[in-house]
């Protein structure tokens, strides 16, 4: 297992208070827990992944996610079992969409 | 030396002496052409000679497994140095003949399940590869420079005269038997049963020398059955993009599909998504395709007008029999398949091939080779290559040709659409896009003259991933082509090394298209869009006619 | 330990235990009490027949003493290699037979029979759930084997190197075989050493009320989460007690 | 696709809970944000889940208060570890304490989680006792089995300790998995790749015919919902607690089963012996057709 953490400052969109969890920690899949949490406007992402050595890929996927959604005061936690970036992006978008509605 | 002293019938007289040896050893056990299964060893020991070219029918699906086992059980002191010709090596005994020293040389097409063992035997010097072919090449060489001295094939049934009924799974049998029989070789057939009157005659008895009723029916692999339950939502998204961005865009009417779940998803989206786009009757009407169970809902929905098949598929027999307008069936009602003709049809008569692969490089070359496994090709290279000899036009072919030639001073001609559909990462985060194909390393290890490339980049017209579609027809330079590929390669190292500005430029020009660019709503990409979500749905769609093999059932 | 030796040690004042096809049953004297004894021997795989035979004995004990007082305690003697691994047993619904046995034991408890169990040899996975683990209190002999799966098999399935499992097992009782681990986790009430008859009498005198295993596991430091999770849910709290 | 057709099999545990109970009524106990994860998996370098693979909480079902648990088959096959098991025990004990009318268990599990095998084994037995305690306290406990991983191992026993079981034909209920039996006793004993045999032996239809489950429904969440409501009402119309009479009856049924079917080797023979006219056609019947063909012949449940 590998632990990765990311922090993106200066988000603009706040989340509703009710946390959400999407996805399942199964092979090639992941679980995303997304919560509103005060942290100076930042969005933090904590990842525990079974696929070791893909830090650069995660960094890029998370960067793009942040550019799409611009979340502020958001805490995201991920338990991953080797999901591909496509699945990761899909779950993240689903999680946020269930909280905010579809992107504008 | 005068011309008169030259002997011109060595093959014939050699054949005669082989037959005489066999008759003498079998004696009364030989009943016309029928040999008792217990005497197969005696037959083979006597008709074979050391160094013979032997074609063993190991197909994509049907296997002459009884004869294969018998061959592997021969005495290597008596029979050795055989040169095996085989389209597919699927069973362990196909390699036992090399391990036991009975055979030493191999010309073949595909070795999927045995690929690791092939590589080991090559490394140990027990197996020398002549060449790895595509199916059509190998069949062609049977007629030119590699005619078999003896062929060992499989049929459903024979009659007393040696006429053969090959049934739905005719597959490779006709060219093997024809090439052997008309070059004075020996044709030996294993059949599941001997009948007084055959349902139909697929191979005339004149061409057949010996028939053995095997104790067990020949082995057959349900190679083209894909359980819809295993299709992912990413594959659904890619299928939507394929239908809207390529099938509809080019009006593809004649086509061939690869074997994977990506294309199974497309088949299952025809009656739902394609129907909702009003595409019935406008796309995917005529197919060169095995009877894919996943195509049943589209057939039932009236999408599919005709299918010609390379081979059959286990469990589809009754469904095929009940849909004679769609499938090629004989007067007896059962299907006729023919791998050689269907390969030719897929090459010349189809406007598009779409299939998956394992690796694509920056030129668009695609390969399924992995280090340590010599797997060969099968049929994809013929399907996935522009037919340079094609002369008849169709709208899809013309449009592809136009796109490739626009702005260039060339005479008008069409081009086949060759689409590679891949997720950017496979299981276990293996990237589908690479700087250098594993095929290079495999080729070097195995001493091949060229790396084993499945589909050459200059034949590939589109690459479709979950990130988008790259239309390589529209690229005007090697650099554009490379960036178009990087631009759909997602978060793979190849994709992340893209020139972002150039990729955006290619997107502006429609060379790269994202789902949103072609109006595909990603939120619809769920498994609910599949016309069948499990095997039972397929059975229901077939009106109970499709009978899946037991391993695919959960009822 | 063979069951006759065990029975003689447990019941110096006599017993009428008998064995048929690995199924043990009978009456025995423990101190002043007459007790009903049921169980298995010879590492019996628990198939549908032997599960049903045990259930029959328990039901019969309940039926015979309905409305009477006192109700005799029931002692379950455990020696099993686990559930029988046969297609036939699955076809017949072996889980229903196991559940039936468990429910009969539960009925006996509710009807006032104390139920204790002793693992005197092997207690493996499925065979243990509806026998020893259904008792008010389960005891074990020090040499008994209690496990779901051995470490080599576990290493294969979990893909954790066996050596690593062996190391971890010294500090964490959660996966490694052995009665001591089950003791720490509360699954085994106590390990009997020495005078078995005396310990049986003692056990019969101190049978716990209700399922106390999660609490024992916490007190003994072998299961640190179970009781806290249960309590959090009971209390409607979203956090565990520290 | 409309909600009526939503597959139970394909839904996750959370989706099942959201769709099966009254809309918006589910309130989770120890939700993922509490992060009560397995303390053992990390040690073995295995992934964890924020709910340890089981969702527990309260909801209403047809307006009635119920407690619910749903195992997630996608996470370690729904296997029971320490926390997972303790959540089930806590839920059942609280239901008993609060006299909740019913607990609905949406089970999907391979049984004990090997990574924490001892804790899992003890936990399964604690769940079993907690089920029976809840029943004794007047709580109806109903099992739903329709997930792709089936209900196996100790949890297969637990299911048969609940008041009633509702299955789909895709659902499975058994003890040892076919792969385990094949590994231990050989492919001749049980060919785990013969899925038709696997489902004939462990699937919902066979269980219904044997009397091991009380209802069989099509693979849809709304059908499971309707059957759960019905099963709860039926259970509450009599005592939910174990009784001698009920167990005597079950004992007779299980004994009869061995006598009548013990010498048979394929469930098809059992179905024929039960009086099903064309046993071979049974697997292809949909749930309604199957019930019509089977209900007159099945062995009495309890």
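For clarity, chains are labelled A, B, C and D in written order, and residue numbers in each chain start from 1.
Quick note on the criterion: contacts are C-beta pairs under 8 Å (C-beta built on N, C-alpha and C of every residue); 3 or more make two chains touch, one makes a residue touch a chain.
The structure displayed is predicted, hence computed values, not measured ones.
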Give me the two chains with the most inter-chain contact pairs. C-D
Between chain D and chain A, distance of the C-alpha-averaged centres to the nearest whole Å: 33
Quick check: how many Å separate the C-alpha centres of chain A and chain B? 42
Chain centre separation (chain C, chain D; CA means) in Å: 24
Distance between chain B and chain C based on Cα centroids, please, to the nearest Å. 58
Among all residues of chain D, those touching at least two other chains are 31, 33, 45-46
Which chains are in touch, pair by pair? A-B, A-D, B-D, C-D
Interfacial residue positions of chain D with respect to chain A in the complex: 12-14, 31-33, 35, 42, 45-51, 53, 72, 74-75
Applying the document's contact rule, which stretches of chain D touch chain B when the two form their complex? 1, 7, 10, 148, 169-170, 193-199, 203, 205, 283-284
With touch defined as at the start, can you tell me which chain B residues reach chain A in the complex? 232-234, 423-425, 427-429, 466-467, 490-491, 493, 496, 523
Which residues of chain C touch chain D in their complex? 48-49, 52, 55-56, 59, 62-63, 66, 83, 85-100, 102-104, 106-107, 110-111, 125-126, 128-130, 133-134, 147-149, 154, 157-158, 160, 164-165, 168, 172-176, 181-182, 185-187, 211, 213-214, 217, 223-227, 229-234, 236, 238-240
Interfacial residue positions of chain A with respect to chain D in the complex: 1, 19, 21, 24-26, 29, 31, 33, 35, 48, 50, 77, 79-81
